[in-house]
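Both complexes shown next keep subunit A, but they swap its partner, so subunit B is in the first and subunit C is in the second.
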Partner chain A sequence: MSNRTGTTGKTGPNGPGGIPSRGAPSCSMSRRSFLKGLIASGALATLPCGLLLPRNASAAPFSKSDFQIFRNACPRNCYDTCSMVTYVRDGVVKFVEGAPESTFTAGGLCVKGYSYPRRVYSPDRIKYPMVQDGRGSGNWRRVSWDEAMERIARKLLEIKEKDGNLLGLALTKYSGNFGITNYGVEGMMSSLGYTTRLVGTPCWPAGIDAQNYDLGDMWCNDPEDMEKSRYIIIWGANPAWCSVHSMKYVYAARDRGAKIVVIDPVLTQTAAKGDVAWQPETGSDGALALGMARHVLDLGLVDRDFVANNAVGFEEFAAYLRGNVTVEWAAEKSGIPADDIRHVAEEFATAKPATIWIGYGMQRHVNGGASVRAIDALVAMTGNVGKVGGGARYGHLQTWGFNYHAMIQKAPAGSTGFTGKSGPKGEFDVTAGSAAPAAYTDRALNINKTAQELLDAQNPPVRVLWSSCKNPFAQDFDRNKMLRAFEKLEMVVSVEQFFTETVRHSDIVLPVTTLFEEWTVNASYWHYWVSLNEQAIAPLHEAKSNIEIAALLSRHMNRLSPGSCTYPQDIDTKEWMEKEFNKGVYDLLGISHWQDLRKGPAKAKLASSASWSDRTFKTPSGKYEFRSDLCASHGHKASSPTWTGWRSSRRNPSST
Partner chain B sequence: MDISPTQTGSAPRNAGDARDAPAIPEGHPVGGARETCLLRGLRDLFAARGADGLRAASLALDACVAEHGGPASLPPNASAQHGPAPEHACPPGADPWSEAEYAFNRLFVGPMAVPAPPYASAWLETEPRLMGESTMDVRALYHALGYAVPGEGTTPDDHLSFELDAALALLALRGADHPAAAPAEGGDEPGLAVEDAWRWLVAEHMGAWVPRFVQRALAEPGVPPAIARALALLLCWQEDAAAACARHAAHATDAPATHSRRS
Partner chain C sequence: MTTQHASLPKKRAFLVDVERCIGCFTCAMACKNYYHQETGVVWRQLYPLDEAIYPHRERAFYSLACNHCENPACLNACPVKAYEKREDGVVVHHQDRCIGCGNCIRSCPYGAPRYNPVLKKAEKCSLCHERLDAGEQPACVQSCPVRALRLSCPEHPAW
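Coming up: the complex of A and B.
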């Protein structure tokens, strides 16, 4: 600052100089004049107003030209995967809105979406890499990225030295950010060698298996065609809260005369809006569906053409129904009156087209997969599969055909790994069927038994856990067991935006970017739009994207032990986003370059809004399979949908 | 954590790095030297990245208070000589400054949600949200001085340490016949801009959040004395500066309205 020995006292705190004579000493009135004075050029003349303030720029009428506008997509693992438009001024996200180009998002977001700026700029965000001295102690220290990564790299090299492989390193990751480049976390693991993965899906696996047995794939109709349904059963889903954009199609169908039946043990907001709300016993859904199927059979409302020509095993299913199922039995199990079951079953079977939205909640039970199979069967036997406005809607992965460039990385030369039987696979597993079987693989642990698997893993035990896009303490089962499992771990690294329960039990936390701070691309498992996600702002504080973190780890690994990690050491999230596109994606979306997505999201060009519209199924028989030999070969009790009762402890909570 | 000169636009105009400055102009009131070392110590303390930084800043504050005296309202035991952490909170063998670092991070840094985020906009926006309008206000002030925070757009401009750094800069400008203190176009009297900027920053802007910030932090259990002392010094400084600002204005204005305002 100035060394000048200026006129002393002149401008001291109590000095008399330089005081304006324009009256009240309110600091707020002086603010503009100091800026004007300090800038001292090009300033507008201040009018001699004593009370009025100069008009603030933000009071000007809204003008898009005041903002930089970016394309984003909500990565929250929500049905809706909204296409967003982000308004930035001064490098700050001012507000967001739904993209008007997507007929699904239709210009609107949910309240979580609209409040994204609050999330990005939350004072509670994790801002820096930090180390906890004593897991769970709350004693955190700031460290530089380099310190954090060096510490991790040294630990990984230590366990590799000790075990002769990196199976002591485990990854748990799921749906915290479904932007495609975030599969670079799996890529980071592969680039280090063969590691342990908590795989499978905590979310919807039983239903996926069920649809694979019945139809050969999980593939739902375009939700936008629900407005053409004449009868909608929403079974174990609560779109009024969890898929707000789908509700407009439900309402449109009702406006055209459709009836809306909502089945949920809880009187949800969706149930409150339905014409009929059933609250069955938890986990009785399969019995209820079978009871409805039996009634449809009794009334002779089966679509004979479909079951004869496009399906296999219907007669066995019908025999099972006749021999084992009555409407009264279903009523007893579910608590829904038999007459109500008959009434809705008959209406459903006679309304064409009719559809069932199968929610994820109802398959998270014993009988979960069989329940979905029973509902599929009800939709199929009434001739609603392959129909616009029909369908057994569960989800789809049709628009996920990206390159998974970030994910597919090579193990360093000479890496050794697991040689046993491979474990479960995730639903996004793109390595299936590629190349010859390797000598070594990753070690797969069941994500749905995370705590137990971490406790049980031996030779080597899991020593280091890397958690990203995931909060095992909140998302996985058995908290008390999880605490014990974490005690076994030698190092826990969490990559997070906020302080979760898992971060509390970590040794190192690394701050990760939000959707506005990185480039990626997002697809939905429900609708058929694909959205570009542009970087709209610089990452706040010291946050880095998952793939930048991987690159930094690679730099440290290779510095300490050259060749120990194949991950590129310098990456650019935009370049890596570009690498995810291929001709298949372009053709499906009807675009010629990803840049086209800057104009707005694109929707898959579908032969029909109905899945399976040509009635060619991907099952072994090529037909709809009421009887699935594949299901039986996988060790399930019966090859056609049945209901086997609750787990015995269900009614006796004191037993374990 | 200091504001760095902007690469573009107006040159820093000699409003140099507050760390190495300022040689206090001859004949400057003693309060200037005290205020300078106090602001510098507080700036460095709240910018501390760890135990070493906390310790160095606390010792600097000690020296400042020893040489110039503390504000009258400072709690009697609020000195780093009483140790950085309460004895009971400090396990035997633990480095007391590490304990102070943990406490500092729990209060101000994270990774958990912090009770007293050291950012103006966390207190001044309609909802706690960094990079709000109040952040842009201080950014405009830094720019007007020819400065910017390092990593502008990434680091919120209104972190307490940057604001204290800007206050140091203005303090130096007030004590000098500096070109930046020259009259604004239109013939206002010299020094108007600097005085107004100072008053806006310390009285209006910081006055709107620093007292709440300090009270909220001090309401937490187990605040180590070194941090409690710094918080108290910060509050005393801000209140004294704002009071001086009001006296200054009242003195200069003989409008009766001023007197009623003060009563």
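Coming up: the complex of A and C.
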């Protein structure tokens, strides 16, 4: 509001995006004269971002035919996984918008998605491979791709020679780019031999386990059917910030008379929009859900037909509630008044259908998985599982049935590796159980203890760390320990778009493509749309995709030591995108060829918007399991949902 | 909606449903994504209502661009007739006629016209009239994930 004088433009004509443009007729003239000015001022280096010329408001009429239009998909680890449309002219991304064909994205992105054209042309992008002389020193110098890859290849061959295997090479990768072909990074590791992997998931595993025990799979209703809910509890999720496209369904439900209850220790933006906002004690979610379940039981509002015919173990669960849980106990643990708990529990049990959206925060606590099980139980006992507008919504992987061609690569002949007990698997580990038992495996380190695991690994120690689609210094625990862990490493390679904290602590950085510069395909773990991601522009600078980097490494490995890497040495990202599709994906989406996705994203053909609509569950009993013997056999203390108090901690004197 | 613009009511305006707005800034970024204004030149911005104005714990916001006034102060203050009010209500600033005097910037009660320090001229939200004319929605309206920001017609509030 204060920008009313000419003195507040911060960077002037040479700043990012600072190339002015007049109306179309005079564009080339003013641009040429401006370029001269840029050269004179030595500011030509800012040009990539300057390709985004300001558009004059009274410019020529808008016509889509002035643009090449491409399909893209937001690659972030986000509920919404937006289907994008990209407008390109003269090889430059001019603007993006949401794909109108997707009823979920519905034509609009979010604030981050709309910033992508500025991200790809940012002058701060890593433009070419660089070597840092002294980690953390900032003494970066540009090297050629060949020099960078030869350096890495020689180091890998050196440690393989020294250790007799490649377990000294570790990969840390997570969800920085969810394009399916980016699983080619794991493939690159496999193609080198048996390596060390930081695996598991920092995100949602306890809740997945919980839903596996209760239902047999993590499988949520279509979020678009939330508008048919009569009662929505958003429990530990904040869609107003983290899934903005879901909010329209929440609003639509309310417009039709539904009540919105938001449960979160923080008064979030979603809570501000709810009809009821509860701020329970952190980590008390399970107790709160059990208290609600007890009240539903006492009122006789249990769906007797469901618990008798479609579930097992309800009586044991009910006995646990009667013997161990009262509403007053839940109120004491959670800090939510008992009358409020009774009121919401009764409303929830009598509104049909009612649903609970279970966020990922609560299961990152003691009792985490059990808390999700307790909420599942509340939804199930009120007869809301398998109902349109109902359901215990956590996530799904129904649309992720790709070939993982980029990921599944063979170790070179004669490779040796790890022979101990295998560690945790990632949630997208589609290879589990499919491969014949091998004499050797990769060495698994727990991704949730990255720093400690890097420090502790022996025989051999981790010598080389490859980081891609991840920024461990920002995203993993214990920064100080991470600094010590990195000191132990002989070489750190980061694949990145920008100079992150992890890049700062790396020896070599390799520039990676953005979504606009490669082909891939993207699915969501929340909604049911699948989007093609076309290459809209040529990669800027010297950026390469993750799989092209793997191919280049393979070329150098094989040149120095023939047969040392099985990864193909020439890769076309479009061909590799095509290789991810199969009949199962086509049938699910109701398309006959991936090319159909060029016309717009496709949604899975669902028998019902409700998961489990036929009430056939994937549990051992085929029913909903209030009592899970599988859960008990996995070493958990109870087979039914329970709540056992907080972990004692000096910082939490109120813990029990 | 995109194909029916010929039959739309004559006067157009932005409608901001503050009850639905989640303060996500998408509208402001969608404008920047489409027009790539110079640094510091903002046509649409989202303003959180701070506690001094709105003393409640619930957060509230208002999204503001040009209001395309019935009786535009900018148009009246402009000495070179750079402003035009179209029949459909859109207030258009013809930047090629602008001499950068700043009268409109000082006159507008909503802070809509901004000074472009590179061109040394004023500029403001155009209601994406070139998109409207092509049957498209304004970039910000299309972007709003909760449909809090809509295109409306003061003469037909129910529309």
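We take it that the second predicted complex is superposed on the first by the 590 of 656 C-alpha atoms of A that agree within 3 Å, B and C clash if a C-alpha of one lies under 4 Å from a C-alpha of the other, contacts with A are read in each partner's own complex, and residues count from 1 in each chain.
Note that in this section contacts are C-beta pairs under 8 Å (C-beta built on N, C-alpha and C of every residue); 3 or more make two chains touch, one makes a residue touch a chain.
What you see is a predicted model; the values in this text were computed from it and never measured.
Q: I'd like to know which partner A:Lys637 touches here: subunit B for first, subunit C for second, both or neither.
A: After superposing on A, A:Lys637 lies clear of both subunit B and subunit C.
Q: A:Val111 in the overlay: touching subunit B, subunit C, both, or neither? Say first, second, both or neither.
A: second
Q: Check the residue A:Lys127 against both partner chains and state whether it touches subunit B (first), subunit C (second), both, or neither.
A: First partner only, subunit B.
Q: Once the shared chain is lined up, is A:Asp90 touching subunit B (first), subunit C (second), both, or neither of them?
A: Only subunit B; A:Asp90 stays clear of subunit C.
Q: Give one of first, second, both or neither to describe whether A:His541 is in contact with subunit B, with subunit C, with both, or with none.
A: first
Q: Determine, for the superposed model, which of the two partners subunit B and subunit C contacts more residues of subunit A.
A: It is B that touches the greater number of subunit A residues.
Q: With the two complexes superposed on chain A, say which partner A:Val503 touches: subunit B (first), subunit C (second), both, or neither.
A: In the superposition, A:Val503 touches subunit B alone.
Q: Which subunit A residues contact subunit B in one complex and subunit C in the other?
A: Looking at subunit A, the two contact sets intersect at 1, 3-13, 15-18, 20, 23, 58, 117-118.
Q: Using the touch definition up top, name the residues of subunit C that touch subunit A in the complex.
A: 20, 22-26, 28-30, 32-42, 57-59, 92-96, 100, 102, 105-106, 111, 114-120, 123-126, 128, 130-131, 133-134, 136-137, 139, 142-147
Q: Give the list of subunit B residues in touch with subunit A in this complex.
A: It comes out as residues 10, 14-18, 21-23, 25-29, 31-32, 49-50, 98, 101-102, 105-106, 109-114, 117, 119, 121-122, 127-133, 135-137, 139-141, 144-145, 151-156, 168-169, 172-178, 180-186, 188-197, 199-200, 203-204, 244-253, 255, 257-258, 261.
Q: Can you list the subunit A residues touching subunit B in their complex?
A: Residue list for subunit A touching subunit B: 1-21, 23-25, 27-28, 30-31, 33-41, 43, 45-46, 58, 90-92, 117-118, 121-128, 130, 133, 138-142, 496, 498-499, 503-504, 509, 511, 537-541.
Q: Inside the complex, what are the residues of subunit A that reach subunit C?
A: Residues in contact with subunit C: 1, 3-13, 15-18, 20, 22-23, 52-64, 95-98, 106-111, 114-115, 117-118, 240-241, 244-245, 247-248, 251, 267, 269-270, 272-273.
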